[in-house]
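The structure that follows is given in the form of structure tokens.
The letters A, B, C and D name the chains in turn, as written, and every chain counts its residues from 1.
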């Protein structure tokens, strides 16, 4: 696979090379990249992205709606028929929206139809930030909005989608707000040190394992270094094993479950825990 | 149903009425009650119980083993054939040991056969203190003991079984150590008060609901006022609902699970929790 | 000392005996007791007290102000000259307001003079609920109020003063809201039990000891069973001694200070603490 | 002031320049530096230091005791007469040991005399790691040791003293174990973030302020970046101010005192706190 170009390279490239490279950032709308090629050089990938969004926002509503209509429905017929851009396939594939059961497909189809009937364009969502459950919840909420709100929401979601796509096309993009994380630190309140050797695992709401790590004697324990989809998760501290190794276990606690929700995928969630044989505590800090 | 007699009434009763009333306390061994009838009056139900156990312990090993052999096997053929005392039926029924699937039945049968082959008497356990899982765990441990240890363990378990049976036959028994409990208190560290209105529920290890209560503005919240079988449980705090009512919810916590084990059914477990929108803590005190 | 009469006795007493017994409840105003003697019998001391307050409130402003003027100034000339009722001497004596240094006396005199000049009656405060610091703080606040507010505030304070005086004159008064308390409970999160044997001490803001107790294995530890004056206090947990006895001390903590304020003397303050060798936590619940 | 030389410079210097520069590292014993000059080059300042200590340890006991006797007594006559090396003056001056009152001087003199009478050399202590109180406590302990233990203890303390002196004479010394620290992190459990803006202050046992900082929205708050003398300290969280700014204050807590002891000056102490209007908690981790 060829290395990604740097921003400097894109700034210096032929207009056509520039447009080609960024032509699919906006779904079925290569005109967006073409519209900003003369604004080069861009000082940052963020400036480039803002220029692209501004180019869209400057178009009359009819043109924006045409852009919206270039997007596939989520879990819609296009997905099942294979008629999507490679990016969309990848994004929807993360939730296996192309492989829903008959009942779920019917539910999505009904929502998609209702949304399109109401607003005249498909429901668009930055699906990489969502679980199926959170996507359905947002879908129901947005269906109740008025048209002006949904014109704005749709553009905002396209902003999120294209920001992620741009980050995948520029080597030194430096875009922030893409770096959600879940970090854990477990303090041992009996021994006055980090709970070195304590195993922590991250599971999704259905109990499927996502990541696992062992607390070291220093520093933080990273369980997720990229944005997690919105939704519910469970952290599990293998406290009993840890305490038994120290000959310090009480009779009460073994695997300690911590159920929590991610509502801001791009934020950094830091879970600080303290443990003792008959007690534990949690405080969460959400940054960014 | 007739009222239970008091201890005073039993002390003053005919010898035969006394022996009749307590004849089934020891399984298929009415001689135990008869053996102590002349030691009346008893100052307490505890003294009466100790006298019964002493009468058994005073007999030669052969006689004690005969007593042991009067007990049905756990989940054994007697259970399936209906050939047990009413007390044993009730006690085993609590775990539905008479209705195991084929595989589980085979497992119990194998353990029972191995135990009886090794020691010459059935495996006896105060089943009211156990879940199936904890009973199986104890079974495996005890199978590895030597004979002297198992003679003592068996008598100790019969002591536990008969203590509970005696408590069910004397109105004013005053026997302590029968009163295990799980009590919860949730403190609201944001508002400086008890978390009035917070719903807490107790579930077994499989998630089945056992009890539910709402924290009041004063006092403790009782979730179990009688001994819980040994095993794992899950407490669930409906923290999200509570905080939303106060307009104080964070985005992190909703239903807070607290997984814990009961290893001493007759003890009092007090779980003290403090809650805030982005934090909670647990300390457990086990008394008695 | 003669025993206090019961409410029943007072309900049945001669009118003159009744009036004599309660004549000094309102400062220099025996007419208040006399005014309600014919409303007997009273169902409760609380009903009796409400009747006395109603008798005052029913009088025209001029008469109420005359009643107010029967009260001595706090730390005023009357205190220094010995010209107060026995109750007032006792109440002010608790703060040693009769023995202020020259500078403090001058400060109180200036405030008293300013208040009297502004409202035409002395500053009245239920001094048993206050430290000198909190009394001065309230004094400054109330000096800035309008006259109607201070007429009401003064009657409310007289209500508090006379409620306490009444409680001291009726054996079975049953008046609630007089029972502030500070109660402590220390949980040992390493051992899963109450921190039995841990010594806790209550000190005032200057470090002077007020009360001391040892945490027992069950129950709460009472440090104050009567209302504490408004102000700042310090609780001290002798954690190092406790942990050393268990062979569990860390190198960090010895005497743990907990600084807190009482702002509602009649409330119950319950301080729940959990301790471990390298950690501790506090949650306070204020009830009533 | 001239810049400190690097290790490379010292490795390459004239033998006499090397010996001159490091001649005073060992008190009144320039021969130590001279003894190792031919072992150059040293790979690290640590290797250099170990070589110096080895040169001392290789000498017979008599020579080591002579080296010990070149050290001034702590708070002794030499200090009062001004007869010490510049390094010793600086080190003892940190505790103002040259300016004790008559009673304290008498106490130190008595201990010094007793120690010298027992062991034949002065009591030597790396005074930079101690408060007066901890120095006196160690003094009393060591006075009870046997001679072999004190020969070893004295050499170990000289190792600590000279390590610090060496660090002050080599620019790129890279010596670890000199970097004790006190770091604080305050988590806001109501708002799910670091307690940005909360002021924390470090005081000594007598209440004198040592350092102050404000918790930022990210990262740790450094209160001491160099070793603190052994002894007791008090951290003060200005929680009331912080909560009032957020409109979230309860009526209980204002300045929160945290009393703690440093027993290992070269360790890193990290105090993690969580705060809420009616609650707070502390866990300490000591590393290294």
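The rule we apply is simple: a contact is a pair of C-beta atoms (placed from the backbone, for glycine too) under 8 Å apart; a residue touches a chain by one contact, two chains touch by 3 or more.
Here the structure is a predicted model, which means the values were calculated and not measured.
Undergrad: In terms of CA centroid distance, which chain is the most far removed from chain B?
TA: So the farthest one, by centre of C-alpha atoms, is D.
Undergrad: Select, from B-D and C-D, the pair of chains that is joined by more C-beta pairs in contact.
TA: The comparison resolves to C-D.
Undergrad: Taking each chain's centre as its mean C-alpha position, how far apart are chain C and chain D in Å?
TA: 49
Undergrad: Could you give the separation in Å between the centres of chain B and chain D, each centre being the mean of its C-alpha atoms?
TA: Here chain B and chain D have centroids separated by 58 Å.
Undergrad: Out of chain C, which residues touch more than one other chain, so two or more?
TA: Residues 187-189, 192, 250-252, 274, 278-279, 281, 283-286 of chain C each touch two or more of the other chains.
Undergrad: Taking the touch rule as given, give the residues of chain D at its contact with chain B in the complex, in rising order.
TA: 187-192, 248, 250-252, 274, 276-279, 281
Undergrad: Where on chain A does chain D make contact in their complex?
TA: 187-189, 192-194, 217-218, 272, 274, 281, 283-287
Undergrad: Considering the complex alone, what residue numbers of chain C touch chain D?
TA: My answer: residues 232, 250-257, 259-261, 263-264, 269, 278-286.
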